[in-house]
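A, B and C label the chains in the order they appear, each numbered from 1.
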Amino acid sequence: MLDFSVFTPEVFKAYILQGLYFSFLLTLVATLGGIVFGTALALLRLSGVKALELVAATYVNGMRSIPLLMVLLWFFLMVPFIIGRPIGAELTAVITFIAFEAAYFSEIVRAGIQSIPRGQVYAGQALGMSYGQNMRLVILPQAFRNMIPVFLTQTIILFQDTSLVYIITAHDLLHGFTVAGNNLSRPRESYILAAVLYFVICFSLSWTVKRVQQKVAIIR
Amino acid sequence: MALDWQVFCQDTIERTVVAGCFGTGGARGTQTYLDWLIAAWGQTVLVSALSLVVALVVGSIIGTIRTLPESPLLVRIGNVWVEFFRNIPLLVQLFLWYHVVPVLFPFFADTPKLALVVTALGLFTSARIAEQVRAGVQALPRGQRYAGMALGFTTPQYYRYVLLPMAFRIIVPPLTSEAMNIFKNSSVAFAVSITELTFFAQQAGEETARGIEIYLAVTALYVVSAFAINRVMAVIEKRARVPGFVASTGGGH
Amino acid sequence: MKKKHLLAFALAALAATGAFAQLNDTLAKAKAAGKVVMGTRESSAPLAYTLGNNQFVGYHVELCQRILKAVLPGVPVEYVAVTSANRIPLVQNGTVDIECGSTTNNVARQKDVAFALTTYVTEVRTAVKANSKIKSVADLNGKTVATTTGTTSVALLRKNKRGQGIQFNEVYGKDHADSFLLLESGRADAFVMDDNILAGLIAGSKNPKDFKIVGETLNVEPIAIMVRKDDPKFKAAVDDYIRKAMKDGEIKLLYNKWFMQPIPPKNVAVNLPMGSILTELVKNPNDKPAEDFNK
């Protein structure tokens, strides 16, 4: 029935390794970029300035109503127009993921900031801190510590979502398995192996998240 | 970069503009891109709705059995189910159902591809809904369960009459976002050539070379549909609300 | 804008126009850049495919390697994988200097790119299971037919459907192996595609004897190497090499190597003898578009 014999370690090294590396890299860069821009967006939404709040809210809600596949198609089409020259699918994927995940991370950050008791904000103000100092020294450190498990969960989801770069044919893990399956005429075996590898990686990551959660949570 | 909205009135094969923007259909008739867009949107709605039904039914069952107090085996089964479907990307799961299952299990050899797509998307989402149902049941005060037992209800009975009705009301907000997620996730069906919105965007965008207009229309449909789902769920939440009951889930929205 | 920003912008614009200017002279561009970029395919055996590790092989890949060695000696070759969707834009904007894959030469594409002398001819035929009763396109009435998105076969199928008044269901595979899977698993009754792709997929399958290629030729398509338009110097250089290779039998040897002998990675032969049209073209090469072959 199924013939896995063609999938030797050499085949893995040849076809799969590069894709795995790219998927990991994309996840890492998109997570960091998403957190940075997401925090900025969250702060805009909590700033109290109506115009900024509206812009940030529109961006976040817009990104969250469109499928990631459509966002990938959009960026693949528009980015070459904007910067004047074409860029590869991989770079498009990185830019798209940062922009997309920023919306999701901003919701997490916003919830995290809002979960800090108002007393902390007032205490900071009573100590004479400005808004910026308050955020930087009092609120954000506590909020981030609370949000670490949620960030990590979102990262795992991000890693799974990297498989969607299939639509712009970027060379990620799933693409590596697809090409290997096609060229060795064993596509079904290839998909099964892809599922196994993704499962092992994601399950290990989510198990790690559970342990982190136990150690990091602030008990009130 | 002027936008040419006429592209929607073009026939998909001859690429001539059809008067009235809607084709005549049939084997020898014409079909415009507008026809195709609407048909694609219909497919998206169909896939999403069917998958949501599957996800709700299966997810509720799995979520419920994960909260059973006396059956560690069933709880374990529920946990395995959730871990399995949560840790494999949706696209990979779809490929498994579409390409591998019909060959490995002859029972599925003749299943129409729509059924396979709905199964894949439904089971993927069922794991997430199971998590929310579990959270909802566990958010209820323990007294509710004991009160049910004290009244002489069997386990299925107190789940049916006491716990689940309240649990589902608690989790309407996360269920709303799951419904919106399913609508967005239906786009992965493009990879198995279900002619839904994303497939249409890609194929029509390439054919007409007017990607921007096509993408704008498709994006607008996604945004409008997401908004509609949101409103429908808000109505459901309002109708189902129990006055005076305050949810103690903490997190969520 | 600050003065230094203006200066940087002006320099960048100048550099950009410089790069664009050289799009008309691939030979100069490659020598200046110190590399020539070959666009190729990942899964189009035996014309162009990958063995992993960024290693590309195939009939057209090897032909292009020889062409580039003769025309741009000493200039290293960089390989870029392209798809049906992006191969033309990437050649147009200069990312890829020469595309060696399985691109059909037709009038519409000649508006955007130029093609070298035709080095392969494919005929669009139908693959079915060995025990199938389908013998021609008319037998497809009421059946399910598979083809691959983004290829010329899609439009061909639709035109034929309307032309003969037959109704059939279309299913699309994302790539050729995907479409072949649809046939293999029975989700499709027939797979319409270029005969070399069909032969390659059948040869690589677990049971090649389970399939056969039938039906009339839906279309004859000349497959050629793609270069930029408005660069007659480069096209002439490429054409000269091809003409010489056809005359002294090099093309025939290459064809045999990739189509009749066992090829990597599975050491199975595609087993597709050179068709009459290609044999004729080897004697009298041309770069005519597909429309001229299908009058």
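Quick note on the criterion: a residue touches a chain if its C-beta (ideal position, glycine included) is under 8 Å from a C-beta of that chain, and two chains touch if they have at least 3 such contacts.
Computed from a prediction, not measured in an experiment: that's the story for all the values here.
Along the graph of touching chains, what's the shortest path length in steps from chain A to chain C?
Minimum step count, chain A to chain C: 1.
Select the chain at the greatest separation from chain A, using centres from the mean of Cα atoms.
Ranked by distance of C-alpha centres from chain A, the top chain is C.
Which whole number of Å gives the spacing of the CA centres of chain A and chain C?
36
Counting only Cα atoms for the centres, state how far chain A is from chain B in Å.
Taking the mean C-alpha position of each chain, the two centres sit 21 Å apart.
Would you kindly tell me how far, in whole Å, the mean C-alpha position of chain C lies from that of chain B?
39
Going by the touch rule set out above, which residues of chain B reach two or more other chains?
As it turns out, chain B has residues touching two or more other chains at 99, 103, 191, 202.
Using the touch definition from the top, which residues of chain C touch two or more other chains?
Counting only residues that touch two or more other chains, chain C contributes 85, 181.
Touching two or more other chains, which residues of chain A qualify?
Answer for chain A, listing residues that touch two or more other chains: 187-188.
Applying the document's contact rule, which stretches of chain A touch chain C when the two form their complex?
Listed in rising order, the residues of chain A that touch chain C are 3, 6, 11, 13-15, 18, 80, 84-86, 169, 171, 178-185, 187-188.
With touch defined as at the start, can you tell me which chain C residues reach chain B in the complex?
Per the touch definition, chain C meets chain B at residues 85, 149-150, 155, 158-159, 161-162, 165-167, 171-174, 181, 185-187.
Which residues, counting only chain B, touch chain A once they are in their complex?
The contact residues of chain B facing chain A are 1, 83-84, 86-93, 95-96, 99-100, 103-104, 180, 184-188, 190-191, 197-198, 201-202, 205, 211-212, 215, 218-219, 222-223, 226-227, 251.
Where on chain A is chain B touching in the complex?
Per the touch definition, chain A meets chain B at residues 1-2, 62, 65-70, 73-74, 77-78, 81, 111, 160-161, 163-164, 166-167, 174, 187-188, 191-192, 194-195, 198-199, 202-203, 206.
Can you tell me which positions in chain C touch chain A when the two form their complex?
16, 42-43, 45, 49-55, 81, 83, 85-86, 89-90, 93, 95, 175-178, 181, 201, 204-206, 265-266
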